[in-house]
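Going in written order, the chains are labelled A, B, C and D, and every chain counts its residues from 1.
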């Protein structure tokens, strides 16, 4: 779970990249970086923290040269959270500096890495993305399409990638289309990004999604495209629309906001309830709650206030502190929920612990009943393609029935949207990966 | 515009204060600090930045001693934004360390300061709050009530204050009750804070507001109260309820959430409109929009997506960048507003520049009409009691009619709630200062 | 043990102060600071660390305004080593900003502090110097001489002080003249400093020492002097010449380099020895060793190499590491000492532990005999006037005879210069405090 | 000009490396780093600044695992002074982490780099050392001797290298022996370092120099050595003994201290002078001055006091500041030089500017005559093997006769030691590179 951006212009692009990364900040808050190229010169700055922390004005001022560039935001993952693994990745290759930013996850990177090491290559990081950069470097002999296509014939998994070399910008997407990648234009400039919001913010026009298996190269002001011969079933990640992408995103033909409202409406049909108010779990719960309210006729109210300033890591050594932590993030508005039968609308249940504490605190604030409605089906299988779901043993839905989950989280009733409901909300043209709900992976994560 | 907190307990309170300050973070993001006392020892840590940045775990670990303490968050103001002016303010007074945190603004501090300096006092900061600390230090001779009462007889203006000396915690509020200050209990512990959310988060029970002119002292486990002889008309700041306080606050008898919903309802009655959707300006616009929707029957939709990560300071050197900046903070969801007659609900218009850019960007996203509805009356006069409104010449409503404002911001129609509407929403028992709407200051800011 | 500097000029003085503080760096490495004044404006920067660490070029660039200024370097003392206690101390007093830097130690500061607190004053630090600033502020009514003289009638102890207020520079020295303070001129500019080296480096001419009990004021380009009525026996600290001041200093009529060479010569007469080489303990041992060599005819050789980069604080958790630490700072040159009878010349023995380890390591490098010669008499009493000697129980010479010390440190012989020898080396006109050698304090540290 | 260290032990070595790097600090103050290995795990920390700044106690505490390790200090060079180029260099190679530290300079690195890039390798830095690491990685197939030997057959120039891979420590030196590398033992532990001082400080015994062309491997507690078939004339860098190494070093059979004293004696014979005092330029001038004094019978005196705290970079924007800068570093002791005929002993003249300003300031302090004596011959040619001498046009001796130099620097007389004198001082068994004096490079720096 990361975000990438690339801009090709006649003007310096560092500020465009900076604004683009800010717009993608919700996709990753651990680290960020950008690289801009100016002929043979390349300048790069990376660091741990939010975009605005890493790119203070004095840093941006040092990046004024470079009309082509790429950027990356990285999600906080459990293990290797170090400066070491920040992107863009860089290297010197055959007299050229190359930079690359990758969103997704390779499933055969370890195997490829071992082979490349046997062949004398040295790696600098522990992340799978480095394999892509080294393969491209190896196969590059003046023709970037050839180098990328050859690289794509070896790597397996989810990858949306932007590459910067001298004044050339390359963007490509894996044949399954797991992770999004869109293209926009602003006058003669080209913009590539994980989400359409970046194009909006930079004042560009959305052109289209990069196709699964497509390689796009912008050079000397011209855009060329190439579709690789690799064919695979389109497997766009529906969790982008469920909660990962920003509400204003349009990805692979799906309007995220409308999709979320529709999941609420369908949920209201699939799991009717007698209640007084619909309360969204902020922020992503709002459209689902509005849809639920519209379909059910039950009034929507803001019943939970979110602390906008809570960071990601939070140390909770004692039980008392753990209880405080929940209310610190989401405090019930007592005057709204007191004496009411509440429908709580959220986008997913992964481990169940947050839902449990939330329901407890709403009951403590005086709610008479709490009915939980979830705008995604139960998550029963881990994702190998870039969403940071835990192993099966921690997935509450992998080991419990809906009734058992309801009891565990202490809800009066619990309803998940069905996979069919999801398909209806997304529209029939949208082909998505639903492996996390049913275990049918488009690409076997174990055989390789 | 700041937030204060004080906790008296039998257990160490640094973490309580830390959670309390996090809960008050929306009241000030520039700097923060806390002081805890353990007999004669006092430990204090302050710094520029958010609570979670200033109080990293390793800092909190050094503050384990101290069962009584106070804290402060400070709002970013134009001028003296330096480490120098962070609170709590500290001093050694007659063998004791004293710490103080102040929310509000004195109007005669310069005069008092001059007199104290003539008398041989030395000041360390440029903020008005230091005068309060020095007066209390001067008048303290073992009886804190006497010292505070004497101090209150000299200082004029808005002040809600917590003071820490050895194991004693003091809280007091000016006779007009400009700024809020509430009291809670958690077992035998006492909690004082600018908002009730702090009491909720710390697991306490709300007891009551500190009365205007009241001095509360907690010492040796006992709470004593004293009402000063100074009498003044209650003048609670209604902007706390309009947008400053968090939605879950209950202050001076007003439920902030319900108040905001009601202002939306009243607004819908006072300024009817023919439209397709109601769109709140996030985040504080939600309850007003819900109220407007309920009364008018027009559906509420999320039409603007807010970037949750945008900091406060943002350099915008060029016109192009200034345009980007608006969309970076609030991007219209095109599929929601396209072709629609939109009612945009916001809490206030101060200079008008933000509203203007926002309406432009919604129109650019395809809206057919944009009708602006504001849940506060026009702000025509500056505040001298702690709200950071600009001078009159920058207040758009001080120099323009509603029609002129409408034209300036480019709305199809514009409606502000009336002062009577505000009174109706707050309830008849709530006496508030409305000087910023009509210039009738409860206390003359110029005579002194 | 600190260093102070003050410069009055027609040009900006921040860089002069910076160079001056660098020249005084040996007098204190814990923290430093400087303040410059420009009419009503005063700018100050302080911090923990070396002058070059605290005053990076970007900081210096912000201090370009101000033709008058003062500076301070602070020695690392055991207890209150915090940012809190850095100097110059600052305050607002009767409409003016005042800054002060103090070298020395008051013996009645606690008493004065208590009285001032009873009178309503608040203190900000725990250091004695703050009392001086507050008294001057209190007594200042337009006449600085009067304010300083009144202040001097209350404070007891060692103090050399520079004060900055608007465009006025004040320098004064206690009636005993414990700590040095010299005056220089550079064209029309005035320079005050703890040592003459500052005047040399800034390109000025040495004028004279500030007299004990003298107050000097520079204002409107004119220097005025005033001798207070307080009379006391001159008690210059001879440890300045023994090791504290830099070799190039000329203070109170004594040439530090010549003094040190002479102590070596006298020591060679007082404590003859049959040896092969004279080895100085670097760096301050060189002149004494040269003097010893000259008088005795024994060749001087560099037998210890000093690590120029070792910082001050050094954690030595294990015995093995403690042994490494000695050699890390001073490693014997084996080829010089092997098989030789070595005279080791050092300036003092305080606790004896360093001497012991040093002798061990020289023996381990092959020395046949090690004879220790010390250019100061045994230190038997603690200093209350600014030299950081330990309490009596840690002073090896307070509890042991010379023979016992010799045995403890493992030397083949040990000789200290006599007090008479010291007097001879300094010259008959130099009146010094010798309390640390015989306990006859010029000012009773206990009665007050 | 760098320093390297390697330690193989049964105990954790991070602290040994830390102390070793401190001991080598004079060889490079720009950046430093160390890597320790613990089976498959390797931990590395690097940074800009002094060893004590980069390795604070909290960092050292994180490096407790690892019984084998290497370290590096880097000299401040003109161009690429960035975090990027700090050593040890790291990589993942065939399942192993490898770290390397290099002292010296390759002359064919650019050529090799181009070839490796053509072959698909990616580089991460701009420094020559990376080529060595990548070649070893490429040729390593389980046999480290083979990999190093093959690498040595390609690389040309000066290199003393330590390598760390899992629990194996490798040390090797180029066939010319340009840069030093010594071996020591401490019990069963092995110590490799650029200078013998490291072995002394760590409590080990000096065993011997690593031979030119020798590869030493320590693994499973056993040391194995291998001499490569490459044969070259021994070309040890005599500047190590002239000024670069610390006074206590014994390298390639030469005692640095004794060598320096002897150069002073020979210089006194070669360039007699009638004078009153011999004054060393601190710190490295002391032994030469002592030798000169001994031979000439002229008394040695400390006539210049060095500021121990002056950092390396020092901004001198104006002429006035440039003059201050010289005195700030080295201030003449006026009472020593006044009215005297001074022999100033220094180790080298490169550009001549420092000597010129120094002589000016000694004359200004009252010296009657200043006679300069230099313990190295005139430097007429640049070094390509690791000493940071400037290009020929900046070398004063490359473009001027001795008499012209004398006039330029303003000395009354000037004498350099002869190359024969140098040979005599070093002893007949010592074969050294004297290319910087006569241009006869042992290895043609241009042909390759």
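Basically, a residue touches a chain if its C-beta (ideal position, glycine included) is under 8 Å from a C-beta of that chain, and two chains touch if they have at least 3 such contacts.
Heads up on the chains, UniProt names are A, B, C, D = Amidophosphoribosyltransferase.
These figures come from a predicted structure and were not determined experimentally.
Note on chain placement: the centre of chain A and the centre of chain C lie 62 Å apart, centres being C-alpha means. Annotation: 51 Å between the Cα-based centres of chain B and chain C. Averaging Cα coordinates per chain places chain A and chain B 35 Å apart. Shared interface positions of chain C, i.e. residues touching 2 or more other chains, are not present.
A ring topology is adopted by the chain contact network, closed into one cycle in which each chain touches exactly two others.
All chain pairs that count as touching, in label order, are A-B, A-D, B-C, C-D. For chain A in complex with chain B, the residues that touch the partner chain are 15, 19, 22-23, 25-26, 29, 50-52, 57, 197, 200-203, 246-248, 250, 255, 257-258, 283, 286-287, 290, 294, 299-302, 305, 307-311, 315, 320-321, 323-324, 327-328, 331-336. Looking at the complex, you find that chain D touches chain A at residues 90-95, 98, 114, 117-118, 120-124, 126, 133-134, 137-139.
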